[in-house]
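Shared chain: chain A. Partners: chain B in the first complex, chain C in the second.
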Partner chain A sequence: MVKFLKIFSVSAREGTVTRKYPFESPLVTPEFRGRIDIDPVKCVGCGACTRICPTKTLTLSYEGDEAVLKYFIGRCIFCGMCAYVCPQNAITITKDFELASYNLSDLYDEVVHRTVRCSICGKPFTTAKLVREVETRINGGDVEELLNICPECRRRLTVRRIGSRVVGTGGE
Partner chain B sequence: MDLDNAFNGSLEEVFSKLKRSVWVFHLNTGSCNGCDIEVLDVLTPYFDVERFGIKLVGSPRHADLMLLTGPVTLKTLSKVLKAIKAMPRPRLVLVLGSCGVGGGIWFNTYSTLGGYSGLEEVLKEAGVEVDKVVYVPGCPVRPEAIIYGVAVLLGLLQPKVRHRRVMAVEG
Partner chain C sequence: MNEEVLSKYGGLTRVINYDVCIGCYTCEEVCKFIHEGMAFIVLYEIGGGLNKPISCFHCVKAPCVTACPTKAMHKDKDGAILVDLSKCIGCSACVAACPFGIPEIVPPGYASKCDLCNPLRKEGLTPGCVSMCPTKAIVWGDTAQVAKELRVRALKKLVYKPV
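Our next item is the complex of A and B:
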């Protein structure tokens, strides 16, 4: 009986601890990580985020002339590695965690990029924005003609050039 | 927060919408216990969901709502099916956590069904109907997110997330 009465002194001291959550703001600290937000202006579609993502929740897939960067919130573990690794700082970590939805399709966030076709074989191989970004980063140079060639054709071209140089000098 | 506005301020209005108490059954389908601890957190006095009439019960036969955590491993599948079959209609399911929603880091492994989407197919084959499903992502889900999920499930709130497909802006 006496033990039971103890609780009144405890509750008088501590007061109400229950949070009134839906009627007050949630407890979100400055370092809290919620869902990510991809900026379609800054994103170049390089795919660095898709390679670091531990759950493969970010995927870059080529669908015809489009490259789609898909973010599936349902599988995200909110580690924030994509924002850390993004070379363009296109990914920001928001504080949004109220992500309940009725169907899985609502949990997809897609950024669609235009692809560039290889000037030799004609296959789409990378996004147009990435090519432009690389162009500005290397600042011209003498490899400008290689920009629009896919890695496979570029390899073949390089081998052919070296070969022709060796054969050419050897033949003379 | 705009949540206050979504509830239209008055407590009475919200509770009038809650026609009856929702009894929940917590089912772990092979999760890491992270989400389970958050479920426990929701039930303790700190978040105290009993103020909404939500009560944890020990048997799926008594439950209206199932809190499903984990990626549904093959080992647990038969028990999960039994538990969901045992629930009376209307059956409500709240899928919690990244594992439950999308399979988490186990989405394509050999020993899991990859979350609720895999389980849904098995349920369809077995002829078990589930009336309403709400997906609550998070790793682990925050207690607030669970409360929000329940509010969405009961129709007190509309889901915030929408499918977004945008073209990358060039130039």
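Our next item is the complex of A and C:
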């Protein structure tokens, strides 16, 4: 009984530790993970985040000349794996957790990229920004025209080039 | 001399000699068998009904290694370009960088390519495609020895060329 009364001395010393949340700022720890934020300027549309995402919250779909990176908050488990793998550091984890909405479209976030069409077969194979990014990384190591050819056509082209010189058949 | 050549040209080289290749698909099937259904040496038609294989060239100055943001693509002591699966994030930068279109992104999401049969090489064996090629079209070994072998073959072709 006397032990129970100790609580009064503790509360008198510490004061109020809870927050009047809707009227004050919420109590979030520095490690707290809320929704993610994708920087459309830094993002190159490589799709590393979509491959690591355990719940397929992030998806990258090719629709004609556009590659759409879609983020659906309704399925996100806030694991932060996407921000960990992003090679461009385009994804940041925010402290935002007040995500309820009457409108379903509020739960979607989209980043639209322009795709590159293969100059031989005409199939869109990657985003234009990724090609530019790789070009700067390898710093002129590749021939410019090869960057705009899809991997499958690059193989065929190489085989034909070597073949035409060594065996003397086919040609480019 | 050998030490110098090894350090300069990255040790061992594999060359596919299209002159003697008969396009029999043995290398592709062997690779598929060793790598659990995925072939990393694939044959393509070069015209005239002939099929010739293409696989990773294991470049000395490889664009995929330069483009990789996590250093998952690396060169081992034999000069083979390998993917470190614990580091690979599947960003497909290597796919965009390779001038020959060799690396592939495979499920669940990492780059995969010819590893010159790393487990076999560790046991002191030659890569599967090299040892199974019926016409010895795929040559693998010390850069200097391979160059010598190819010179001998070119010379033989010149000398014994049917008129």
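Assume the second predicted complex is superposed on the first by the 142 of 172 C-alpha atoms of A that agree within 3 Å, B and C clash if a C-alpha of one lies under 4 Å from a C-alpha of the other, contacts with A are read in each partner's own complex, and residues count from 1 in each chain.
To be clear about the criterion, a residue touches a chain if its C-beta (ideal position, glycine included) is under 8 Å from a C-beta of that chain, and two chains touch if they have at least 3 such contacts.
Just so you know, these numbers come straight off a predicted model, no measurement behind them.
S.K.: Using the overlay on chain A, decide if chain B and chain C clash or can fit next to each other.
M.R.: Fit.
S.K.: After the superposition on A, what does A:Glu110 contact: first (chain B), second (chain C), both or neither?
M.R.: first
S.K.: Once the shared chain is lined up, is A:Ala48 touching chain B (first), chain C (second), both, or neither of them?
M.R.: A:Ala48 sits against chain C, while chain B stays out of touch.
S.K.: Could you work out the angle between chain B and chain C as seen from chain A, using CA centres and rounding to the nearest 10 degrees?
M.R.: Computed angle, apex chain A: 140 degrees.
S.K.: In the overlay, work out which of chain B or chain C sits against more residues of chain A.
M.R.: B
S.K.: Could you tell me if A:Lys123 is touching chain B, chain C, both of them or neither one (first, second, both, neither)?
M.R.: A:Lys123 contacts neither chain B nor chain C.
S.K.: In the superposed arrangement, which partner chain does A:Lys95 touch: chain B (first), chain C (second), both, or neither?
M.R.: Touch status of A:Lys95: no partner.
S.K.: Could you state the shortest Cα distance, in Å, between chain B and chain C after the structures are superposed?
M.R.: The answer for the closest chain B-chain C C-alpha pair is 15 Å.
S.K.: Mind sorting out which residues of chain A both chain B and chain C touch, each in its own complex?
M.R.: Dual-contact residues (chain A): none.
S.K.: Considering only the defined contacts, which chain B positions touch chain A in the complex?
M.R.: 1, 3-4, 7, 11, 14, 45-48, 51, 98, 101-105, 107, 115, 117, 132-139, 142-145, 147-149, 151-153, 159-170
S.K.: Applying the document's contact rule, which stretches of chain A touch chain C when the two form their complex?
M.R.: Within the complex, chain A contacts chain C at residues 46-48, 51-52, 85, 87, 126, 130-131, 133-134, 137-139, 141-143, 146-147, 149-156, 158-160, 162-164, 166-167, 169-171.
S.K.: Under the stated contact criterion, what part of chain C meets chain A in this complex?
M.R.: Contact set of chain C toward chain A: 18-19, 42, 44-48, 50, 52, 54, 61, 63, 66-67, 69-70, 89-93, 95-105, 108-110.
S.K.: Looking at the complex, which residues from chain A come into contact with chain B?
M.R.: My answer: residues 17-19, 21-27, 40-41, 43-45, 54-57, 72-78, 96-114, 127-129, 132.
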